[in-house]
Amino acid sequence: MASHVLLLGLLTISYFSALAFGDESPLQDFCVANLTSPVAVNGLVCKDPQLVEPNDFFFTGLQTEGNTSNALGSQVTPAFVSQLPGLNTLGIAMARIDYAHVGVIPPHTHPRATEIFTVIKGSIEVAFVTSNPINRLLIKVLQKGDVFVFPQGLVHYQRNVGHGHAVAIVGLSSENPGLIAIPSTVFGSKPEIPSEVLEKSFQLSKSVVAKIESKF
Amino acid sequence: MASHVLLLGLLTISYFSALAFGDESPLQDFCVANLTSPVAVNGLVCKDPQLVEPNDFFFTGLQTEGNTSNALGSQVTPAFVSQLPGLNTLGIAMARIDYAHVGVIPPHTHPRATEIFTVIKGSIEVAFVTSNPINRLLIKVLQKGDVFVFPQGLVHYQRNVGHGHAVAIVGLSSENPGLIAIPSTVFGSKPEIPSEVLEKSFQLSKSVVAKIESKF
Amino acid sequence: MASHVLLLGLLTISYFSALAFGDESPLQDFCVANLTSPVAVNGLVCKDPQLVEPNDFFFTGLQTEGNTSNALGSQVTPAFVSQLPGLNTLGIAMARIDYAHVGVIPPHTHPRATEIFTVIKGSIEVAFVTSNPINRLLIKVLQKGDVFVFPQGLVHYQRNVGHGHAVAIVGLSSENPGLIAIPSTVFGSKPEIPSEVLEKSFQLSKSVVAKIESKF
Amino acid sequence: MASHVLLLGLLTISYFSALAFGDESPLQDFCVANLTSPVAVNGLVCKDPQLVEPNDFFFTGLQTEGNTSNALGSQVTPAFVSQLPGLNTLGIAMARIDYAHVGVIPPHTHPRATEIFTVIKGSIEVAFVTSNPINRLLIKVLQKGDVFVFPQGLVHYQRNVGHGHAVAIVGLSSENPGLIAIPSTVFGSKPEIPSEVLEKSFQLSKSVVAKIESKF
Amino acid sequence: MASHVLLLGLLTISYFSALAFGDESPLQDFCVANLTSPVAVNGLVCKDPQLVEPNDFFFTGLQTEGNTSNALGSQVTPAFVSQLPGLNTLGIAMARIDYAHVGVIPPHTHPRATEIFTVIKGSIEVAFVTSNPINRLLIKVLQKGDVFVFPQGLVHYQRNVGHGHAVAIVGLSSENPGLIAIPSTVFGSKPEIPSEVLEKSFQLSKSVVAKIESKF
Amino acid sequence: MASHVLLLGLLTISYFSALAFGDESPLQDFCVANLTSPVAVNGLVCKDPQLVEPNDFFFTGLQTEGNTSNALGSQVTPAFVSQLPGLNTLGIAMARIDYAHVGVIPPHTHPRATEIFTVIKGSIEVAFVTSNPINRLLIKVLQKGDVFVFPQGLVHYQRNVGHGHAVAIVGLSSENPGLIAIPSTVFGSKPEIPSEVLEKSFQLSKSVVAKIESKF
């Protein structure tokens, strides 16, 4: 249950806006997303350029502390194409992440983006794991002003290892980076992955699988 | 421990060949990978075209049944760029997958490829999970000659739900698709992800995390 | 006349679906093709993601032997985006090819795909020709389980050199690979290429050109 | 024999320079091709930028009439990356084409480029054929200053239908467009495509195949 | 005032057609632009392929001398996707440029295209400037038949340094290359860039800024 | 003179690192730039993956206030591939920008990147100009936490319109975005653009051109 509380902020956009985003090369000055069009393409259709205005390229909200009162102690505030329609076709997005004391962003991947991460406040442990069969963990503790990069598609996490609240600003190389949080994806899908698959994959008993699934 | 027994066949190529693969558009008739060059680029450097011969585009081995005597009861036999160097820059690869009775390919992602899958023998359950926050499971049981597609970057698995051995042939949209097996990546990285991160992410006790990690 | 009997299976999709396919990078979890939309784009428009179901990623039919009772003695059974709309934007497709004894798939190109080929049954000669001015033929005879690759855009053919029926499964690096069969394209276009062009290009007399054209 | 006399001008570059070209997005101001490097990549390696000079972006030669004293009565003078190394990674090239009276550029494809064509002198018939199964011929006679486009990968030809010499200037959407001339590729490969394949594909007798092959 | 007189020919297409162009890889034989569709995407939507005809791939007009009676003494005649809808998705375009005696095409960039340039008549000085911090000018005087390339995104200009009228034909690596003319963009935007910004950026007094702005 | 004082921080990387950067799709888990290799490609060659360590993905420095004691009153602190070699092939970068009271970042373009911008401190006016012939200025004043996007290739500037020092963090959609500062590029190139070109382009007298050039 816990991890999607946190993730809802980030993720609401991911599926519903899934009908059409664009991060290939822009083919005109801009293609501001028309978020209400009934036509869905690989990349959102564009607003009439005659109606475009500065606010289409603008988003306000990264100054506000995210609500970290959830099981993970973290919150993501996205400025993705759903919040900032001028990003459509431009292949970039931004987000603020808040971490309560000992808060965690759980292991996850972005199927369509690399993430560049900088600490604005506090002390944050960051790490990613290389693909099979090596599965090497590259790990680092960051202080204010430090920068780290999570390569596209690799599993990574962050956690607050400082004494108080922590804040990060991140850039992502897609206007719709997507997020696959491992815990809720594997143990909380609707419907659930058959227990036999998870038992064999994770070498767990049926009862432990059931216990983990009950949390998501 | 179990899941990377299986995965070693597939994955040995993934990391060591990681120094340089190419699946962007080909820019000449072919660029057969020079697997021993000391120069590493984003995509493998090419063999001298004067020395290219038909065998560079050839691989033998998909007729052989994979060894499924492992904890997962499955085995992958890849024809990726490491096995078939003529694939370099061409953005495609193939593999055979063998499944013992009740064998499983555990939840995993390919960071750089969509997978198209057809059953050659037996009856195989296939499924993938959409990204957050929906995490919908799309699931289907396939018989011989049926085809299914796992979209790029999404978590998917397969398992043998028939009465005997099963076999599939798959195409992947990269000559170096990469594989991120969830169990070994999350619970078997070297070094391990700190227990506190996994406890909070999966809502598990320290002892259960330790028990799962002991398997990988 | 003969070669497009064979090719109709494969090709019907190529032109009519030509109004809009997509094999650039996917920009959302999936964009299942809406095959009946009146809006045509570079890549098919998407079905409402709320209406997507597992069958959109599924195709049945590769278990069925193709009808090779035609002049070429071969038949292609495609699983391309027109048959399997979930492939839209994902850059991959699959097909089964059947060959009667001495059956041939004539020289052709795929303008948008590399093809990876494996023999399921029989013994098949495969070859491709490099571009001008070298025009080198790279040729190989394959047995069951062997794999070969035809690089994107190059002219290639296959023929059954075994004693009975032969079958191959192929992967293609586009959901809409396209097919340009040389004989019907050059000698069977509608309207025909002016005879003077073909006479000079192939160093043929007008009567021989007319005779070849009469076959297509 | 005849058609590769003509094509040698254009094609010499195609294979030998095949070791490494680049028409993906440029990733720096420029990457002037180092045509003598022993390192081959998907796209030519770059000259030291400190040594780059204006002449690297310069080519002289399109003012000179091509020698059309050959069986086809045509000649191509290319300004591709082999002649103009500054084109490397930039995805464009240019050429001049000369046509003697009734001269022809035979049916061919460019596997990596669209061609835009304008007549500088004379009157030229141009046409391309759509892919299977339609194989529609789109044909037009152009006068001085007219422009036509041949879409990427499609078979096209040109012929001089005016009273004297004709000249065209073309742009191509790759610095190494590649050329597959149908006659020499199909009937003049080294070694030859087995006669049985050509007989069945083109519905020809062995003796007619042999006669055509003798010309290439 | 002066420079956009000249530029209107070239630029009218740039903004109004901005609603949707396509220069990614073509995904079907062709996708002729439907210039009147109300649906705007990243790349123009396509005309019904059943209605396509040879004229969709044809443009006439490069034989006509451009009107150079303007302050810059130059004129561009484009064959871009707005004039030649068959170019849609094909990533190439062409133009004719006329220069009166001492005529100039002012410093500008193409955000989406490299330009390849050949002189048809006269003698033309061409140059581009590398990016910061080097800002090196690479300059060359071209005669009839000479070719030069302006790498994508870099500032470049041309001027007639011969004794009479001059003409060039250029290819551009996008069907909608875009044009950012420095003088009108910086000193002639609507509304104007605040004077304080231009004063500090160019180290100019307010009155000089006002004087320059009055020209655009 | 003034504007490249400021720009040197940002730009030193742009040219010297120009020999080879990569922002196409990554083709392996990572390709950490080898900044000292003599081999230059379109995208930097990779470090041996066996020698890669967490510090390759790490950069420290965005906590430090940039030195704005220069004519423009601004300073850029980049975390691009030259500073953070793990960014190679990943298509993203980050920077901190400091603005003294009334400080300005002059009109400029990034030939290879869109920029997403957020204010960390102060109040900053941001604007971009659309391409010809419209040249519309889209302008907005941002406060702390506001986000704005500058589409790829378009001319944009920023200036501090608050009462004290201001700070921004930006993401860019390339690991080597490039920078073309209009003032130093047009009026400060080495060698200079011939005065006649600038006089006619900007409608200036020779003496005013000379005066502007003396500043760069």
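Going in written order, the chains are labelled A, B, C, D, E and F, and every chain counts its residues from 1.
Keep in mind that, in the parts below, a residue touches a chain if its C-beta (ideal position, glycine included) is under 8 Å from a C-beta of that chain, and two chains touch if they have at least 3 such contacts.
Fair warning: this is a prediction, and the values are worked out from it, not measured in the lab.
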Smallest number of contact steps required from subunit A to reach subunit E: 1
Remotest chain, subunit B as reference, centres from CA atoms: E
Subunit D against subunit C, contact positions shared by both copies (same if over half, else different): same
C-alpha-based rotation, subunit B on subunit C, 0 to 180 degrees, nearest 5: 180
Intercentroid distance (Cα basis), subunit E paired with subunit B, Å: 47
Approximate Å spacing (C-alpha centroids) for the pair subunit A, subunit C: 39
Residue numbers of subunit D (touch at least two other chains): 14-15, 18, 22, 24-26, 29-30, 39, 41, 43, 111-112, 130-131, 139, 152, 154, 178
Chain contact topology (line, ring, star, complete or other): other
Each pair of chains that touches, named by its two labels: A-B, A-C, A-E, A-F, B-C, B-D, B-F, C-D, C-E, D-E, D-F, E-F
Residues of subunit A that touch subunit F when the two form their complex: 26, 29-30, 52-55, 57-64, 79, 84, 86-87, 90-94, 96, 113-116, 118, 120, 128, 130-131, 138-140, 142-152, 154, 169-173
Partner subunit F, residues of subunit E touching it in the complex: 1-4, 7-8, 10-12, 14-15, 18, 71-73, 102, 104, 106-109, 111-112, 125, 127, 129-137, 139, 152-155, 157, 159, 178-194, 196-198, 200-204, 208, 212, 215-216
Subunit D partner contacts - residues on subunit F that touch it in the complex: 14-15, 17-24, 39-43, 111-112, 174, 176, 178
Residue ranges of subunit E touching subunit C (in the complex, touch as defined): 22, 24-31, 34, 37, 39, 41, 43, 45-49, 88-89
